[in-house]
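The same chain A turns up in both complexes below, where it pairs with chain B and then with chain C.
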Partner chain A sequence: MKKTYYLFNAGRMSRKDNTLQFTPQDEEGKELPPKYIPIESVSDLYCYGALDANSALYNFLGKSQVAVHFFDYYEHYTGSFMPKDYLLAGKVQIEQTMHHVKKEKRMVLARLFIEGAAFNMLKNLRYYNNREKNVQPQIDSIEQFMEMLHGYTEVDELMGLEGNIRQCYYQAFETIIDEFTMGNRTKQPPSNEVNALISFGNMMCYSLCLGQIYHTQLNPTISFLHEPGARRYSLALDLAEIFKPLLVDRTIFTVLNKKQLQADDFRIELNRCIMKDAAKKTFVKAFEERINETIQHRSLKRSVSYKHLVKLECYKLSKHILGVETYKPFKTWW
Partner chain B sequence: MPLTATHIAYYHLCRRKLWLFANGITMEHTSDLVADGRFIHENSYERRADKFSEVEIDGSKIDFYDAKNKVIHETKRSAAREVAHGWQVKYYIYLLKKSGIEGVSGKIEYPVFHQCTDVLLTQDDEIYIEKTIRNIEELTASPACPPKIEKKKCRYCSYFDFCWSEEY
Partner chain C sequence: MYVILVYDIEARRVGRMLKLCRQYLNWIQNSVFEGEITEVKLKELISRAKKFLVLEKDSIIIFKSRDEKWLEKQIVGCEKNKIETFL
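Then we have the complex of A and B:
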């Protein structure tokens, strides 16, 4: 089973025969003993620290179909090195484009993404509502918003509805999270600890979805709910909506309520809150554990990881696009 | 896409698999079994490469062809004597015959089990292959994806997750 590797340390990654060699550097730039990573074990690399590499390495990574995702000092996603597309299917490309261009077809999928996302948000809220956190008001208003879902005929109206649902949902975080306050959702920059975690987690989820889409025939730039942006793989944004409540938000609740992350794991600068390196590591570790958790899949009748659920979502979407089977969004069933 | 031995093999395994494959939905990169088979192919009979050659004909790749004795060698991972394996090799013989090389025979080898099966192309087989080619062309050109077959057979297929992932 291939794994994601997270590089927090600065250092040099190079090709050593047919293996990856990572030579970390300490704070003074002195080289530490190299570590070796067998290429067969790598699905992708996430770079948070400064990475030195040459084109020979990228040729090697490209050939081995390993993507590299980069993040800046403030943990913003800055871009990816994506190996050459290796799964091209003309029919899927054309049908996916048709589902974007034909408004009725696009609306069907856009609605389903919101339906799946809202269902999974409600699932989280109900879970905590049963555990003496009163979030009933938020549950009620999200349910009310959901009733409006079929009245809309424009994609941007749906995006607005999605925004309202999410705002409601984030209000409940105030009740669910014990020690920290959330306030309003702020991005660019996140104003407090919870917002910083949401931004970081959402970006992890987005990269995960992108990584899974890459290994299917879907085109990551053609989306249905989000507008295809020039620089964004917007289909990954569509998929991430469905999985954020399960993968990101639950991880946030855990690390905060179990006090794995505390106030001194964050640094408040002028107008932004930054996660310290140790905090990022803790969160990434918790997130990795989360996505590798397995459940017994109902239709496959075998156990699958949460991460694999994202891939299955891509398959279901492909089937919908090809007219094989109508897409139903993933809904947490346990 | 030219019709290859893979089409012939999939035609005998599952029509849906054939349709998906022919429409560009390939899944082999996800399959540990396929990776395993490739490993066995690359690491069995290592000295053979000196004597035999890899032949590409009409888009189909014959892994080992012994030109002196006119024998096609095909290695398979599983001992399951799949009908599809036989037709794959018969199709190779057919392709060689079409390009003027007569009297070719085939050998399917199962290195893990130290077993092999001989394959010959009869006149009836040739008629059947030609009919099959027409069927495949018709099937893959159709806009509708064929239905799933019974799940028991699907378990080890690389398309299993694709076909059977559903929500209730």
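Then we have the complex of A and C:
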């Protein structure tokens, strides 16, 4: 399995002897001894620090099919360098578009995405409910919302329902997390520690999904639940819905309740909360560990990592689109 | 598959071997590399190496293990290059 590399340190990445050479810089801008990264083992690069690079490097990365994701100082996702599409399939493209345009077909998929997402959220809540955190009221109301799922006929209404479910779900965070309070979910900018973590984690999940979609025939811009906008990969948002509870939220609970992150890992600036560099590193490490965790897959009968599950989800989606097999959203079965 | 690759190659050709190995594995010490690699990629590495090696004089040894966790690694003295994905 190819690895993801996370670049926190400022430095220069260059092409050297047909592989990658990273020359980190210390705080004073002095160059440290270079590190070589075996190109054959790289799946993508995540850039948090200042990265120097030239077009020769990007040509090389493009050829080696390595994507680079960039994040700004406030840990917002700013964009990706995506290598040229290499898995082209006109048929999938056409069918995917058809599934978006035909309302009944689109509703089917949109509904399934919400169903999967809500199921995984409930699973999280039940887990904590069994561990002396009383989140029963939230479980009940999400279940009620779930029953309304089949009554709706418009995608907008489904998005609204999704919003309601998520609001309920986030209320439960207050109970689950020991040290911190969350209050309302705020983004742009996140107002407190938990909100900052959720934003950061969601964005990690989003880039993960995008990275995996790239390795399938699906077109990342045509989505079903979210409205496909310009300049964004909205299919990644759809997929991320299903995996956020499993990958992001569970990681947040772990790092906070195990006190891997504490109040002094955050900085409160003018009505916004920012994670310090060390905190980002800790969280990304925990996230990386989480997505590399393996489980025994029931139908494949072998162990697969959570990261690979995302790709399997893409395969299921393409099968649905081509009419081979009806899509079943991923639901945690353990 | 997780491998440790060591080579003993005449000085004239050693640079080429070093550069080739850097593309596939992590350098850990002079003439020693290790890392996760697939069966096919390892074959590719070997066949590319054979193109410039003189097989009567040079030698490469590859230690294979199914997974990194079956490898117990003990370091005495300094670790020359830590293998990390967080840079």
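Rule of thumb we're sticking to: the second predicted complex is superposed on the first by the 334 of 334 C-alpha atoms of A that agree within 3 Å, B and C clash if a C-alpha of one lies under 4 Å from a C-alpha of the other, contacts with A are read in each partner's own complex, and residues count from 1 in each chain.
The working rule: a residue touches a chain if its C-beta (ideal position, glycine included) is under 8 Å from a C-beta of that chain, and two chains touch if they have at least 3 such contacts.
Since this is a predicted model, take the numbers as computed values, not measurements.
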Partner chain in contact with A:28 - chain B first, chain C second, else both or neither: neither
Contacts of A:90 with chain B and chain C, given as first, second, both or neither: first
Partner chain(s) touched by A:17 [first = chain B, second = chain C, both, neither]: second
A:330 touches, of chain B and chain C: first, second, both or neither? first
Touched partner set for A:299, first chain B, second chain C, both or neither: first
Which superposed partner A:269 touches (first chain B, second chain C, both, neither): neither
Contact residues common to both interfaces of chain A (with chain B and with chain C): none
Complex contacts: residues of chain C adjacent to chain A: 19, 22-27, 35-37, 41, 81, 85-87
Of all residues in chain A, those that touch chain B in their complex: 65, 86-92, 215, 217, 297-300, 308, 311-312, 315-316, 318-319, 322-325, 328-331, 333
Chain A - residues contacting chain C, complex: 1, 3-9, 11, 17-19, 22, 24, 35-36, 38-41, 281, 284-285, 288
List of chain B residues in touch with chain A within their complex: 23-26, 29-30, 143-145, 160-162, 164-168
